[in-house]
Structure formats: C-alpha cells, structure tokens
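Written out below as structure tokens is the structure these notes cover.
Letters are used for the chains, namely A, B, C, D, E, F, G and H, taken in the order the chains are written, and counting of residues starts over at 1 for each.
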Amino acid sequence: MAEQVFKRTKGLTERPFHYCPGCTHGIIHRLVAEVLEELGVLEKSVGVAPVGCSVLAYDYFNCDMHEASHGRAPAVATGIKRVLPDRVVFTYQGDGDLASIGTAEIVHAAMRGEKFTTIFVNNAIYGMTGGQMAPTTLVGQKATTAPYGRQKDHAGNPIRMSEMLSTLDGAAFIERVSVNSPANIRKAKKAIKKAFEVQLEGKGFSMVEVLSTCPTNWGMTPKEAIKWLEDNMIPYYPLGNFKSPEEVK
Amino acid sequence: MAKVKGKVTFKEELCKGCELCTTVCPVNIVKMAEDRINVKGYHPATVYEMEKCIACGNCATICPDTVIEVEREKEDK
Amino acid sequence: MLNEQIIMAGFGGQGVMSMGQLLAYAGMLEGKDVSWLPSYGPEMRGGTANCSVIVSDTPVGSPIVTEATAVIAMNRPSLDKFEPVLKTDGLLLINSSLIDRKANRNDVKVLEIPANEIANELGSGKVANMVVLGAYLEASKALKIDSVMEALKKVFGPSKEHLLPTNKAALERGAEIAKNLK
Amino acid sequence: MAKVLMKGNEAIGAAAIKAGCRFFFGYPITPQNELPEYMSRELPKVGGTFLQAESEVAAINMVYGAAGAGARVMTSSSSPGISLKAEGISYIAGAELPCLIVNIVRGGPGLGGIQPAQSDYFLATKAAGHGDFRLVVLAPASIQEMTDLVMESFDIADQYRNPVMVIGDGMLGQMMEPVELREPKKRDLPAKDWATTGTAGRNYRNVINSLALDPAELEKHNLKLQAKYREIEKNEVKYEVYNCDNPDIIAVAYGTTSRIVKNVIGKCKEEGINVGLIRPISLWPFPYDVINEYADRTKAFLSVEMSTGQMIDDIKIGANGKKPVYFYGRTGGMVPEPDGIMAEIKKILGGAK
Amino acid sequence: MAKVLMKGNEAIGAAAIKAGCRFFFGYPITPQNELPEYMSRELPKVGGTFLQAESEVAAINMVYGAAGAGARVMTSSSSPGISLKAEGISYIAGAELPCLIVNIVRGGPGLGGIQPAQSDYFLATKAAGHGDFRLVVLAPASIQEMTDLVMESFDIADQYRNPVMVIGDGMLGQMMEPVELREPKKRDLPAKDWATTGTAGRNYRNVINSLALDPAELEKHNLKLQAKYREIEKNEVKYEVYNCDNPDIIAVAYGTTSRIVKNVIGKCKEEGINVGLIRPISLWPFPYDVINEYADRTKAFLSVEMSTGQMIDDIKIGANGKKPVYFYGRTGGMVPEPDGIMAEIKKILGGAK
Amino acid sequence: MAEQVFKRTKGLTERPFHYCPGCTHGIIHRLVAEVLEELGVLEKSVGVAPVGCSVLAYDYFNCDMHEASHGRAPAVATGIKRVLPDRVVFTYQGDGDLASIGTAEIVHAAMRGEKFTTIFVNNAIYGMTGGQMAPTTLVGQKATTAPYGRQKDHAGNPIRMSEMLSTLDGAAFIERVSVNSPANIRKAKKAIKKAFEVQLEGKGFSMVEVLSTCPTNWGMTPKEAIKWLEDNMIPYYPLGNFKSPEEVK
Amino acid sequence: MLNEQIIMAGFGGQGVMSMGQLLAYAGMLEGKDVSWLPSYGPEMRGGTANCSVIVSDTPVGSPIVTEATAVIAMNRPSLDKFEPVLKTDGLLLINSSLIDRKANRNDVKVLEIPANEIANELGSGKVANMVVLGAYLEASKALKIDSVMEALKKVFGPSKEHLLPTNKAALERGAEIAKNLK
Amino acid sequence: MAKVKGKVTFKEELCKGCELCTTVCPVNIVKMAEDRINVKGYHPATVYEMEKCIACGNCATICPDTVIEVEREKEDK
C-alpha cells in the first residue's frame, strides 16, 4: 500500500509560482502553507503580501489575502487583527520591505506585541526591482546600487533584524532559519509552526527570519546560490532562536 | 527491517530546471532530463532508477516549485 | 527617404536588446535619427524580450512602433506576437533554427534564417543575433555593415576587441543568405 | 436627541461612533488632537478600538487593513500628516475600500503653522496621492453640518467602496456649537462580501489589492473607477445657494470662510450691494454645473479662500469664460476679515459695473 | 561633445553630474532604477556621493538636509515613491531650497503597474504636498530634451531657491536616443549665503526652516513665495507650438504622448485634416496664455494624455470657454495609439464642423 | 578675586526659552551648548531641530540650524553630514520624534554609522501636541490618548531605544543619562561630550538618551515631576553606557 | 434682536475658556443660536487665553468676532489687546483686581469689577470669572442668570453639585455691582 | 583650608518660578521671592543669605532657564 509522504499542500492555490528558477521563495511559501493546513487554520487566515518579489503571494496562499503597500504589511496586519482578533493573520515580507522602508512598522508591531506572525525572507538583496542593495546586503557584496560592493564606511554593516527586534518585550517568538538544505528546511518549518502557535496562544508578536537565495540578482546558478548562502550569510546571520514565550516578561 | 521503497512523481510542466533536487538525493538518482524541454523551456528533473528511491522526501522538500510528490510503498502489512 | 521601424523579439539571452541598440548606434553613426525602446517589466525575467528601433532621415516621432517595416522574430512566441504588426510589404525575418512554423502573412517579404546553426558553425552560439542583423541590413539596405562594426567596436571597447572578427563574420554570413534568398 | 454643545473635533468623533465606526487609527497633530483623544476615551466604551499608530504612514495602512477586513474605520490628521498618508490613500482608493479620512487643515507649506487654513484644496480634490483616483471630499461649514456629513460619509464610502475625506480647518475643529446627532437618509448599502474575513463559509478567496502588472488590466480597473466617479458626480454633488436671486456678484466659498461671507452679505446689503454665495459642500464632486448656471445671472464670481487661490481653478472651469472669476484670500493661518472681502467686492464692482 | 546613445534614465544622471550635481539620495523603484544605479557607479568617480536611503521619506529628507547645506542635490522616484515624498517636498518648498526631483511616472493608483503613465500631472503641478506652494515642473519629450532640462533645472532651482521636478514616463526612462550634453544658457545665480555650513567666517547664523507659529508671519512668507511664483510664471514658461498655423483642431500633449501626436499629425495631413500641437514643456508654469491665444485660431482643443484626464483642467482654464476642450487618453500603462487619437479627432471634427 | 564658576554659555543665543516652567529641555539645551563651546566647535556645527517642543531649538543654539520634518532629523543630518563631512552635526529629538515616527530614520542612521550625534530627549510623552501617549510612555501612565493609562495588552511595553540601537554595529556610542539632579546633570554632560568626541574622531553614530520631565503634560509641579522621573522612569530606563567605541567591531 | 458678540480674555487658569462655554451653553438653553471659538496654539501654554462667544436670535454667521459687542478683560494684556476691537457703545468689563489701568475708550460703557477680591470674599478665588460673568449678564441683559446656573449644573454633574451655591453667589454679586454702577 | 565663598546672581526676568533650584542647595538658601512677581508673572527665585553660599553651582546646574550665574570669591591670593 502506498502512503503519500510528500504531496502538494491545500494551503497553496493551483497557480504556479512566478519566481525565478531555484528561488527559495517557493520553498518558504510551501512551508507556510503546510503549517496553515496542518494547524487547520486556513479558513480563518488572512495573509498580508508585501511589495517585493513575493507581491503576488496573494495569488498563491489559499486563504484571504491583502496586498500591502511597500514596508507597511505590519501596519496592515495590525489593522486586520484588531478588527478580527480571532483570525490568524500573517505578513510575508522581504528584507527591503521589512528591514528598510518598513523598519518603523515592524519595530512598533513588535513593541505593541501585535498578535500576528511575520515571515521575514532575508535574501540580502532587492529582488523585484533588480538587485539593488538591501540593508541586509553583506559587506563586499555587489548590488546594482553598490557596484563596487557594499562598503562598511559608506553604508554600515548589515542589519540583523532578529537580534534587534528581540530587544522588544512585545516580541514573543523570534527565530532565524534557513532553507538551504532539507534538514534546515524541516527546522524552518518547525519554527514557522511554533510562530503560528504563539499567535494562536495570544502570546504576542512572532517572527521567523528565513535566509533565502536570489540566484538571479546574485548572478549565480541556484546551486551556487545555496552554497553562497551557506558560506556567507549563515556566518553573519547566525541561525537559532532569539526569543521564546518563556522569556516574555 | 523492511526495506522502504519510494516513488517520486514530477509535475514536469512546473519544473524550472533549477537542479536543487539533484543535489540532495542521498542515493543520487534525481537527474535533469537532458533529452527534453518542458513548456517553460527547461530540461525538467526526473528519476531514472526509481527502484533505488528510499522515499526520504529530500528532493520534494527542497523543490521551490512543488514539482515533486513522494510516495512510500510499505513492503509488508 | 529612410524610415525604418523595426521590432526585434526573442527570449532573454538571445541578445535581442543589444542587437537593437547596435542598430540604433549604427544609425546614429550614419547621421540618422534613431530611437530604441525596450519592453520592460517583470515578465522579462527569464521570459520574452523585445525592443523597437527606429532609424529615420527625419526626426523620430513616437518611439513606439505600431506598424513595423521589419520584424525580427528570434523565437516562436515572438513570431506569433509580432507578425500581425508588420505592414504590407514589410520584412519578416524568422530565426528558422528555433521556429518550427512558416510565416502566415503573404503580403510581406519573408526571410528564414537558420541563425543558431550558422552561429554554431562560426564557433559561437552567441552571435545568432548578428547573423539575423546582417540579413536585415542586406535585405533592407537601411545601414551599412561597416557602421554596425564601428558601433560594435565602441560598445566592446579594447577588452573585447578579439570578438570583433566572429561578429563580423556573422553579419556577413547573414547578409549573404539574405542576398541569396532574394 | 437634544442638542448639546460640542467642540468640532469631538463632534466628529461622536458622529462617527453614532454611525457605527468602531476603529480609529491616528497620530497626534494640532489642530485635530481632540478627535483622537475623544476616540481614545469613547471607543473602548462601545467595544471599539482606538490605536495610536507610530506615524501617519502606519495609521493609514492600519486603516487600509481594517477597511479590508470589513470594518467601519477612520483616521484623521492635519496637513503635513495628510501628505504622509498620500501613498496609503492612493492604495485604499485603488483597492476600492471604504473609510473616512478627516483633514483639519492648518497653514503650510512645510511645518507651517497650526492656525486654520484651506490650502489643502488641491491635495484633497485633485491629488491626495499618485494616479487617477478621486476622494469624495466634504466640507462642512458648521459643527452641525460636520456631524451630519461625517455620519453620511460612512454610508457614501460603503455605497461606492471609496474613501471619503471630510475637510475642515482649525477653527471648525476647535469651536463649539450646538449639535444634534441625526441619522442620514437611509441608503441601500451593499454587503461587504469582498472583505478579508477568512474563507470560512464561502467558496472563494477574497483578495484586497491595487496591483495589475498587465497594463490592459490596469486600464480596465481604472475605467471601472472612472465609471464609479461619474456615478458619484451624478449623485453626490452637494452645495448651498444663498441670496443668489439677483446678485451683483457671487462669492464662492466653503467651510468657515463661507460663514464670513454670509456676514459680508449682510453688511453689503446695508450698502445696497447684493452679494450672492455659492457654497460647495462637496468639493469633489464639485458643483461645476451650478457655477455655470449662475454665471448667467451674475456679473462676476469671487473666490474667497483661506489659501492663495486653489478652488478658483474649479470655479473658472465651471464658469467656462462666461464671467470673470476674481480672488480674495488670506493664507498661512490668517482668516479673511469681512472688511477686506467687502473692499474687494467694491473694487471689482467698481470695475465691472 | 559628440552624440552618444543613452538610455533616458542614465542620461538624466549624466546630465545631472555635468550640471555639477554631486549628491543623490534615492530608493529603488521601477521604472527609474537605472538612474540611481548609474549614479551609484558614476558619482564616486567625480568625488560625489550616492546614498541609498532606507525609504523615499528618508531620501527626500536627506535631500532637504543636503540642499540646506548648499549642495547641488537630487532624488528620483516613481509615482508611489513620490507620494511618500509629499511631506518632504512641501518642507523643501516652504524652506525655499533648490533641488531636483525626478518622477518617472508609472500606472496607478496604489501599487498600480510599472508601465508608462502621465497620471501624476495633478500631483506634480497642483499638490506635491500640503499647503500653497509650487514646483517648477518640466516635461521633456526626448532624451536630448531631458538632458537639456535636467541641466537647466539645477540653475532654475538655484536662481529661485525652489525645488524643480522633471517628469517623464516609463517609456522615456527606458528608451535610448542620441544625446549631446550641452550647457544651458548662463544664468546669474545668487550665492548660497543662506546655507548651513557653520558660522565660521560670517557674523550671522543660518537657519533652514518652514515654521512660523505667528500666522501673520506665515502669511508674509506665503506672499513672498507667491511673488516668486509670479516671477517664475513670467520667466519660465516653456512650450512648443507645432503646425498651428491653420489648424482644424489643436491637440495638447506633453512628454512622449506629444510624439505620438506628431505621428498623428502626419497621418491626418494625408487625409486632409490639419491638426496642430501645443506641447507644454513646463507643466508649471503652464502656458495658459498660449492656449488662450490659439483658442482664437482653432475650432477645438484635444487633450491627449496617458491618464483619465488631468491636464485637461489647465487647458480649459487657458481656453476660458472660447473653444471646447475634448479629451482622449489611455491609462494604467496603456499608451495612446495613433489610430485611436485619429478616430477621436474625426469624431470631434465631424461634430464641430 | 572672583572667579566665574557658572555662567551662561556662548553656545546659546540670547533668546529666552519658551519651555514650560521646570521643563528640563532647558537643562539639556544648555549642556549641549556648553559642550559645543568647550570643544571649540560652535563655528563649525550644524544642529538639526526636530518637530516637538524643541522645534524652536533653532532659535536657541548659537550655531547654524536646520529644522527637520517630524522624525526625520537623522535623515536631514545624514544629508548635511555627507555634504560637509568635516562639520559637527547633531540632532536634538524628542521621543515621539525619534522613537515613534522617526524609528526607521534613527535605526538606519545608526546602522550606517552616520557620523553625527543625536541628543534623544525621552520625557515619556508628546509634549508639544498636548500630552498624547509616546512609545516611551510607561505602562499605567495616563496620557491624553491613553486616558485609562497605557495598557500593555493594547500598546505593549514601552520601547527602550538605547538598548535596541545598541544592537547595531554602526552605533559607536550610546548612553542613557538623566537630568534629575546636579550630579546626574554633570554625568549627562560628560556623556554628551563623549558623544561629540566620538563624532569628531569619526568613529560612527553616537547618541545620548536623556530622561527628561514634562511637568505640564504629566500634570505635576516641576518638583513632583523630578521625583516621578526618579521613581518611575529610571527603574524602567536604566541609566548607563550601552555602547562605547572600544566595543565597535 | 439679540446679537451678542463677546470676547473674553485672560491668562491660563482664570477660567476664561469655561466662562465662554458656559455662556454659550446658557444661550443654547434659552434657544438662541450660539458659537464658541477659542484661540489655540502653543502661546496658550502658561500664556494668555481668549475665546469669542456669539449669542444670537438669528443663525450665527462667522464665529469670529471682529467687532465685539462686549469685551471681558481679566488681565492687563487682554485689555490692551481687545479694547480696540470693541464697537462703539459696546460693553467693556475690566477685572480691576488685576488691571492697573483705566479704559482708554470713552465711546463705550465701562464696568470695573474687582473680581478677584469679591471671589476671595466668597471664599473661592476660582469664581472670579463668575463674578464678571454675572456683571456681564446684568449689564447686557443678554441671558438669565438662571440659564447659566442650569448650564453649570449640567457641566458640573452630581459630583460637583456642592460648588453650585458659591458660583451662584458669585454671579449674583457680579450682577449687583453692575446694577449699582449703572 | 580657606573657606570658599560664593555669590549667586539671578537674571530674575528669565525665572519661571519652577523652584527646582530651591531643592538642590546644600545650604538651603535658595528661596522663592514671595514678595514680588517678575515680567513673566512668576515669583522669582532668589537668595537672602548670600554669605552662606559655598559656590557649589548646584542651583545653576539644575536651572532650566539659565537664570543663575555663580561666582567663587577666593579668600586669599
């Protein structure tokens, strides 16, 4: 008798992803969708899509969706969750969206302990607009607006959002994961599940930062991109849990 | 211990030829089908020696485009 | 009076955009008025690409080509999309290496060029665009191959000068085919 | 209900709550602070939520989310804060969500001052953000009218799925007058079956969105918006015509400025000058036709504004060259004085007679 | 200098650097990304600074700071990003600082699309923010003109201490044409003795500011601004009149749209219809007088825009009822096609003959 | 012979402060002015005034001044400093300005290591606009927009900006001080001096957070306000140095 | 026909604003049209405060009082600022407890009221405003003291009901003075 | 050790009567002058027993309105 060990989740619509070949946005979408399905909350979920490559996330997640303005997904999610406190609300945001233009919104949603979950896709670059520097771009890494590589003296060291947000009391759960290998992908899914559980338990703001690739704008093959993530991103952005409800004061 | 046998199916038309699945197969059976191009214009991934599959699910886990489904054939029961 | 309105289309990586820029550049070198207008947007990523080039003796009005004097189709979707835009008696260049159908229009002049095969013969698959461009130049008599070569020299700069001969050969082979097809 | 004496800003809050508004997201700025303060006090009492946002940008996006989730929701601010909301307002209009935005205008540009002004007329009526869209813009002249319009604005917003702006000036926000909260005439409001409330109980997904990468699709969406705007122009023009039976000149003024003009009308009568008043209540849709019609009965128009002249453009478009359109205004928080307006009228009539 | 083939967005950068601009603060957005990318490559080579800001709001405030410090400085964006800059632009105009703001317009409202549009006409010319202020708005129709205007814009900004907006559409940003960078005619520019460079060497403090709590003072400041705007209106109106000697109808169009109209003019000639074109180059100050003058020589005007109709308001004000003003437009990123415009012209002339 | 032990600094203009009686903004102004004078940099300083009660700071500091838009002083200062790298640039900002609307700007200025100094006046309330809640308002504290006192469940615990910004590499010097007593005022001045020195040495971003009173909007006498600050603010906002150049990586 | 246009001014804490509101409230209770307009802004903090009240038999036009029928000056700066705004034959009420000069105008009716002294006599410095208000009511005959008392009752609510007698006394003392000064 | 003697001067017209200076004087000599009101309308701070002043500068240090200047009179030299 055959048992399905891996099948497409109902958390996703039938629409094929528009992402570039090997872009790990697709993996992360799937993980979120699987978690929503497994927690049985698809029907009561409202997702907030960002402006960025994942702007079309509203076509993919099989639940109600709201497309936010650039960086303001946490504010939009706040509006939704305050109106519908018993629904499951999440934002899905890139690093330009969350760590640059949307800094104030994510910091204050975390401070207030807004009871939604943020999936923060850190690919160290602006994908959608063609490879401009992000606040998370590594020192030395080239970008179309950092043609000579990011320079510390000019643009500073990249920002570590998980660490920064963890200083806020309202942030109940924060973890950084990566989707570079099956093992890490499974860990990522666990973290995402935990984040949604924290929301369901009403404990406060929860966020999972996912290190992700952008082969297109990194100018690499998908395989090279995975390796680059492992060699360069993970050392600067250490994986692990930064905040758990136990620690919430 | 009963040997686990797996079966992998590819929705080839979704494949973008990124080759990530080929890097994570513990028995190294996921390959790009160099002989054909799908509607999207890519050589799709495929498995030629299905009997070696142990249903670990790694390929499906890393596939960004939900191309792959995996079944486990339970020998006994 | 010269007023060439060309649409070039193919998939990303076929050098469609640079072919158009080269043509515009060459036109400028010959003292023509020129414009180059790309399609842009997310659909370009891994998808199709096209551009419109105008080379004219009089100032270029709208840079948009709505009635093309020539269409260069490097792949099948491009042919499907732009064949209808060609005006009567216009020039349709089909990259027959990758396109498996014939032209539908019979009020236009059709040139089928096995651009990829020829490029491979020349030892560089990358110059398929130059083969077609050569054919276009010959068939339209719009500009001189020399002008395109001069433009190419400027674009390449000294570091890529070694690529010039292959490109020149590609342009000439294209021109040859066009001459023979006449 | 008996009349009560209320401050303009507070009356807005009371009217909104009466109209079923249960969510307010805002950020402090003078001279509208009494409104969020009132809401922070009163909304919790009716099970509603007041949330002070981290900025105007966040506030308008919270409104965007809450409106998408189907709530009656509002925000308020004053000029610089409204500028900051421009992108969000454009999104809300693009996504066709109903909400109320209050702008208690102050002197500009830049930080400007905090005294009353009407220098956001262009901002409100032409370009509250990028792209082709319109807000319904309502400009009350008294606290009573303000409460009436606030209550109606939620219905208008829901009926057309369009954001509405109620525009006042610092004076209107700060002053007190007797008000009675009265229900607007009943409208048939469509169900909010588009709201993102979770798919439970329906077999389709709701998506709130303003993106259309395909220009043909985006054009279609825009044409749909335009059709809606034509509908609103047909149904929702509001104005007052006062003393216009046989005027020497017609002043056009809105909000508190129109009240000053009414004083002037009285004074002018004493001197045998007959001044009419057309008071646009809806600044968009603007009563172009009314202006055009009355152009046949007057020698001239005079736009009276607390700005350097913005509504005058719309009056000119309405008058369509039939009669000259003059301007008198004070700006930067200065309020037109009756004497100044009268002097201007005499000057014009001296010339136009 | 010999002509070179340049992409519109890059040509802006090259022209700006040639004009002495050494500071660029911006935030990525399609379809203007090639401009900041060019600046990030080229500015360091001339000792300048390119800095990617954390947002458009931050970018415009960096410009505010840099302009206050006396630098030639610019930023660029596209529609939603310009909305976000609204407050900052109002501050810069209020504080009377010179700078260049480029808007490569895309389809709206909201997130809209990324294809070319002209639907920020209102935003640019009437209300780039709150309060009574004006940007000089220049709308080139070719890459050559774009570089000419960009270079001149820095001089205009410095001469009047006023921000200038150069407005294009996605097409103009993305296309290539031959250009030659040529110096604008020399202007006498005042010294920037108001810049905050530290008091060393002078016996007064410089303060950059747009606040005036006293309304009388704020009004005075506004009147000063208005006087400056009258001066600009007198000196800086730019337009092209094309084929208007004996027109059946005059089309009014700016930017790339005007080029499409030029094609239409050729086609119409073939059919014996004489179409003129008035092309505003400065959208503000708008060539009202030119429109008014030509109203006497044409049967009608046709506003052709990539919007649902915004410039048409200014044409109406200019025509002042002398002749009817019609509209033809495409929106959301769709580009008007010559055939569509021609059909509209025939329809109008059929009616107007 | 008489020696002047305390006289009005040249760092201030002659203009009397408009602040309310007992408002400690005045003390902080004086400290900054004294430091500028003592470091001999008055003539090459450019200050950036915020929107808040200290909006008129441009009338008081005896150097060139730029009045920023609300919250954006760090962006304005960035613009100035990038143009004039050899000048001394500082921002003076309230908690609404810096910790609410201006969150993104201060975070990114710190991330980039912008070489200017920020004086952050934390009085746990919006003074200028009449006592609305700030992100730094304490739980339970009443404000005109928190008439029942700030509630943790509703608005979260107050944000500690010094702690949060200290997670950023570009922040070279961060210290929290208070002006509740002569001793603390002297410490505050030392910290401010140090912050400017860090700027002069080009080491990166420097900030001093100063706990301040707002008797008017707290509804207290100035004396009561000082006591309230000591009893309530200092316990939640511990004084001390959070970052020094030695620690900069 | 009643058309009272009153300006009341003093420094913060003198109860000028609430005095104005009370008057407007009383007017409303008597079925008049009323408006109350405060000055606002940062200058109010610890500085001066003023408001304009209109009580009229006809609808209130502009809420701004540019020609006052009455001016109540609770301190010296207020007198300086608003004395000129009073129209001929208008009513000028001067709080002589705090104002050390006489009226400059002689085309108006002047009432000097030692409001603070009287209030202190009544045991509450806070009711100085009510003393002046009482005087105004008597001199203008605009509204009845009873209406003001009724308004006050509503404003105070049950928790502050015990303050009513003092306020009433203050109003009456003020009225008395006005009557005697006639 | 020579006894330090101090002298405090008040720019009375700047004083806002906040009383902060009165709370920090170690010898408790800074008082509010209840007998007069300054132009701003406040009872200004003052010192009645100047001879007790030790020139510590505390009052000036805490004064938010730069009302106070302090001199130290050196006994010898």
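Throughout what follows, a residue touches a chain if its C-beta (ideal position, glycine included) is under 8 Å from a C-beta of that chain, and two chains touch if they have at least 3 such contacts.
Note that the structure is predicted; figures quoted are calculated from it, not measured.
The minimal number of chain-to-chain contact steps leading from subunit B to subunit E is 2. Across the two candidate interfaces, C-E and E-F, the one carrying more C-beta contacts is E-F. Mean C-alpha position of subunit C lies 55 Å from that of subunit D. Look at where the CA atoms of subunit B average out and do the same for subunit F: the two points lie 60 Å apart.
Each chain gets a centre from the mean of its Cα atoms; for subunit B and subunit G, those two points are 88 Å apart. Mean C-alpha position of subunit F lies 43 Å from that of subunit G.
Within subunit D, residues 30, 51, 54-55, 57, 80, 87, 91, 95, 110-111, 114-115, 209-211, 213 each touch two or more of the remaining chains.
Residue positions of subunit G touching 2 or more other chains, listed in rising order: 41-42. For subunit B, the set of residues that touch two or more other chains is empty.
Of all residues in subunit E, those touching subunit C in their complex are 3, 5, 30-31, 114-115, 170-171, 174-178, 256, 259-260, 262-263, 266, 335, 337-339.
Those residues of subunit A that touch subunit E in the shared complex are 51, 55, 67, 69-71, 96, 100-101, 103, 126, 128-130, 132-133, 135, 144-148, 154-155. Those residues of subunit A whose C-beta lies close enough to touch subunit D in the complex are 13, 42-46, 48, 55-56, 58, 62-69, 72, 75-80, 82-84, 87, 104-105, 107-108. The part of subunit A that touches subunit F in the complex is made up of residues 100-104, 107-108, 111-113, 135, 152-160, 163-164, 167-170, 249. Listing the residues of subunit E that touch subunit F in their complex gives 23, 25, 49, 51, 53-55, 57-59, 61-71, 73, 87-88, 91, 95, 196-200, 205-211.
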